[in-house]
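In the two assemblies presented below, chain A is common to both, partnered first by chain B and then by chain C.
So, the complex of A and B:
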């Protein structure tokens, strides 16, 4: 019987399989071998003594952190009968919707490619390679002609796709009912309401101190802040991933945040990672991808125009260009139902051996006939904003890259793919609407009447996890909690809390434009008080 | 999963209704699906794919004695097994499930027919069903197949060695360990001073013999 015992064995076996052959594995073996000639290791109890040694020197902790990371990204174990696609995404109509959305993107990219006469990928001539290497650190200075390029899609296009999601088994025969007219998302996913959220996020409650509230200038630091920082230093010294995650739920002090996030995401910055980054950099220099132009355009349109992030323009190029060539990102497709589209060497459509993945988040096959790609991750308008806030924390491109990649693979990818996951964008949209409907029904009704559906305004915030809308210190406090609770749910709760905060003004407006104007500037908002009041101070 | 599923015929689901009135607006909330087995089996597992059924009750028709003439009796194996935690939302709606012998209230032995009673109280869904039903028999009692076979290859069991007159490997390796530790110590404390006995001006060439 598939009881807990055998499920655990399967999970253990899977994790062992994944960790075998990693750098950590070889380091552990090396350490174990080297410790054998230490006097305290005796042959009779060799296993125990080696284990004790590994524990004392901190290697066991590193292994624990690695296992913890694997547990985070391991997909739920499916039923033996279930095909792989079902384990990634159980609902058939969602898989179909994701597939057709991807086809649309692919078509759009292909048509851009033919219209502009730019190849999807090409090998750079040697002169160009030299030039790029010399100005690697100031790519923002050169302005290629990007006027012909346009972003493949914007968040509002994606919202239309979500609104048109249909479950074929959903009963619409009631015609125009309150349910069909009340919100935009027609899917019945299970989302949590405020009493359940209160239980899930106890560390945010009124009786619990946290950064973002209790570190305010008026509050003496002895009350909470100093002690919290002291504990934070201890967590960093212990190098414990799980402790760091728990700690982050009450916020990370600015001075420790970079180390804490790296700990939570298990970014070890091994020579292996540095070498990988250098390899990607070499790939950028050797080949030019169409997607690169999209990245340039996106950075120019969004991050460069932002008061907080324009200084990081060059670093953003370095990270994003490498990201589009990283094969390890494709690994995440094993638990994302999105399938990276492929392309074929010109003229050989359909023959598998001539298929390659594009943008590589895969190594390129240089070929005289033209290069092909499987659509790995296509950046949309605003994609660079996922990276921009991280630039405040990390200044080495290699570490910044590793942190961004891990965050993308754990959280951000769910914000622009269609799935039934509780952290997926569909659930977040539904949760946002439900929270408003239940707790601010008058506001919701009023906004609907004036044709200003709340989701149309809040969607762009949620897709970017509020990056670029909140001020950076507040955004980082929000992302602390996302990492701490390993879920994007708070993004939806915050969106509802913002509406609740501006409810009075919103009740006065009479058009979509004025509603958007009321909610245009979020940079003065303080995130933690909003969340706390919405979750714990509202009368249910 | 023990081996291949047994042969069975799945009849089409019958909706339960009260009275004879049939109208277009009628949406049943209960379906009964009968599965007739080719011959009486001892059931180990029933696996299926759900399609929006919220609760499942499984009844079996057992043959009391061993012979073909013995009386048959219905028994409930699983009552209101929850497939969807919230009947109004998607959780569990299209998942694969298995019901094992150990979960059943009575021993499903000598079973000729399995009856699945599916309930979906929510009005949100147009229809509901159970698909891909497979029944596995418990014929091979000693097979330990509750763990996938590839799992057993991950940690192979070591067999005891046949020594054939050779000394015990553990004793040998413990004495070797001493020697090895010594060599490691030697290696790590090598000096750069040469042995020096046969050098003449740093040269080992013995063409030159010293007269003094």
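So, the complex of A and C:
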């Protein structure tokens, strides 16, 4: 049993390790060295004085923000003997389920390769590279023939996997009972109920003002909005990550949101970040991946068809094509051990950067010139919608990329991988079902009776964190709170709140199709009042 | 037109209203739907007597001067609206107005009139144009026929030789061409064009150019009474903006009609953003203050353009007019007036567009108020905000505190929340003949 003290030292050591060698580290060293010339630095109290200087010039704040960021993505500390993957995901059956899901996806990708006769990866001829470089900013102008490509999977396929999860410790000896078929998710995880949620989200309570409610046209701005904006400006001036996160719980003003989110996510646009993006861009120019076609197709089918996001088509390619090659993203959550087995193709060993990171028993397609690339995240149908709302806030591809990547690494990945995390999709689904079962049992029963399981309808909303379903301004208000509370829990709560809001109509329907129709259009919903009423105005 | 006995005497606060309105409508789109569904409004046959006419400009030109209209009758155009909407006349009026402003209020004030790009009327100002052309070599110019719409006949050029041919053809062929449409006969014998400095640095959103369509309702020119509609939209060009391809008409013209025929137009997409969306996007990028200043500058365009034709337009209490203003933003977030349309398209491109245009027309009819339900003191009716009422209109109600205060905000909400249904419920009494709900 680790005591708190040693746990803390381990955490500190981990963070120090991660920050070593970063641009921030070198900058701090440089600043510390240069300040030695300054008159206020005295030899006898050099440590104190240098510290004071760094504090006064805002460098300590930058370090604080960086540490804060690391704390966000550090996996919870476990037993010192436990391997990393166990601390990332303590439940063995979850790990296994995720691993087999990943295998399935890769297998599906491989069979698409074979079926279509398209290589998984292919080096571009020089002419093609030149062409792509020149039209880097207008990739949307192309209309390639994508008819033969299908998305690797859609959210509903993933839902089937979740429904079939099995906890080996669960006692099924009772057989099928009404209880065991009360919802779709067959496992038990600890999820919070309304009384606990009230305690966890006090800033959303009826007595607390916030954007999305108290900035309504009829409310005089003096009551809340003006002051909130003033505080927001101060937070941005102070460049304080933690303060920005706390502030965001009451919503970010439209004019400050881009800066606040960048602060919360600690996007500093260091030369490192710029170089990383340029590297990925070079990788895109250099070789073509099968996955690229899936990205094209996804963007064309979803974002390009959206009334508002179609403008961002070009920049979406710029972000997503780079993202699919960003294997550094995987290290944050992958359950594969730190150095996964690599496979080489057709005897081209030694080409380190072009090795395939596959589980070894997955059949591989021989690729042209024996070059295969490391694969990052493989997109599913609707994946581009994670990025589209961010295009409203950020213009330069590099910054947009950094913001998206950080949001993915903190939140979005949990929506399409199997884990026991309270922000993971499994917990969210379970929480959604539980909230409905406890607070709207009649509705839940009715929907079940007509074979319209609520989760089947709500799942697609949750997987996309409502992107593309809510109107953009409402979506951004929701994502303000996701960032503010560092949790995706509100996605599940909102899904339940939507059902509660339309309960009357849903009680009248008699088929899954009609239930879907009642819930087809969420674009007029106001997110914050829904959440507030569900959490704080319902009689428990 | 004979008086019929179906007008009702409302109480002393309200105008006389009519419980049955006979209307004519020459359009077959959203307008007709709104008129059909308005309680108490009845369509009349060809030669029947009417109280309300949503006509097209052709009908107006042929019939207005020969029609006697009783006091209550309303028609949707001013007789000589083209002083504002024909590009050459608008330019003439704006230039004259600017001179007046400079003379009366000085240079600083006159600068506020510099919202239209440098424009010359051809062929009359051809020599002036050439002078200016030579002063800024390499810049791009756009040629527009004065009377046509939907982007027809417009082209861009950089070299004088590109228009030499055109010049020969157009100027010489005037008198002999009998195939001209009615619109063009209104002009002097030559089909006039305007040549305008092309805005080479438009504000782009992810590489795409767009312009704004805003709706202004004028119910009187003397005194000037104008309303601004909260909804509107930004129309995007389908392809990325680049000065390299002047010939690619599709890039430069953001008109929906032109975009519809462009090779990559996807009709499902309807490359438009609602004004609210655009406003939010700009606010997220530039902050609230900058965007508020921008919208103030846009208000300025409406007011001054209307003032410039105030004395020229034949004011007639029977007339009202719903204008479609086209505004372009440049990279410095300066708005430019491109054009004013007296017959903005009221055909909907999709469901959302239909609902917006339906509401727009409905609110127009509320303001025209054949039913006599308004007091005349309203500052807001549905999605329309009273922008100018023989003087600026402010959000704050006048009182001792506000007298002379510099902190009054204009009563305009372009791109703001349009909760019109709620507002109308509170504002309007039921239609005459309808039971109170």
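List of remarks:
By our rule, the second predicted complex is superposed on the first by the 501 of 540 C-alpha atoms of A that agree within 3 Å, B and C clash if a C-alpha of one lies under 4 Å from a C-alpha of the other, contacts with A are read in each partner's own complex, and residues count from 1 in each chain.
FYI, a contact is a pair of C-beta atoms (placed from the backbone, for glycine too) under 8 Å apart; a residue touches a chain by one contact, two chains touch by 3 or more.
Just so it is clear, the structure is predicted and the values come from calculations on it, not from any experiment.
For the composite obtained by overlaying on chain A, chain B and chain C can both be accommodated side by side without a clash.
Contact with chain C, but none with chain B, is seen for A:304 once the two complexes are overlaid on the shared chain. Of the two partner chains, chain B is the only one that A:190 touches; chain C does not reach it. In the superposed model, A:86 lies in contact with chain B only, and not with chain C. Once chain A of one complex is fitted onto chain A of the other, the partner contacts of A:504 are absent, as it touches neither chain B nor chain C. In the superposition on chain A, contact of A:17 is made with chain B only, not with chain C. In the superposition on chain A, contact of A:449 is made with neither chain B nor chain C. With chain A as the common frame, chain A serves as the apex of an angle whose CA-centre rays point to chain B and chain C; its value is 150 degrees, to a multiple of 10. Of the two partner chains placed by the overlay, only chain C lies in contact with A:255; chain B stays clear of it.
With chain A used as the common frame, the shortest Cα distance separating chain B from chain C works out to 40 Å.
The residues of chain C lying in touch with chain A in their complex are 205-208, 236, 239-240, 264, 266, 268-273, 277, 280-281, 283-289, 291, 352, 416-417, 419. Remark: chain A residues 137-138, 141, 143, 217, 229, 253-258, 304-305, 307-308, 310-315, 391-393, 395, 472-473 touch chain C in the complex.
Within the complex formed with chain B, the residues of chain A that make contact are 1-2, 6, 9-10, 13, 16-17, 36-37, 43-44, 78-82, 86, 90-92, 167-171, 173, 187-190, 420. On chain B, the positions that touch chain A within their shared complex are 1, 47, 49, 51-52, 85-86, 88-91, 93-98, 100-103, 123-128, 132, 134, 146-148, 151, 154, 173-174, 177, 180-181, 184-185.
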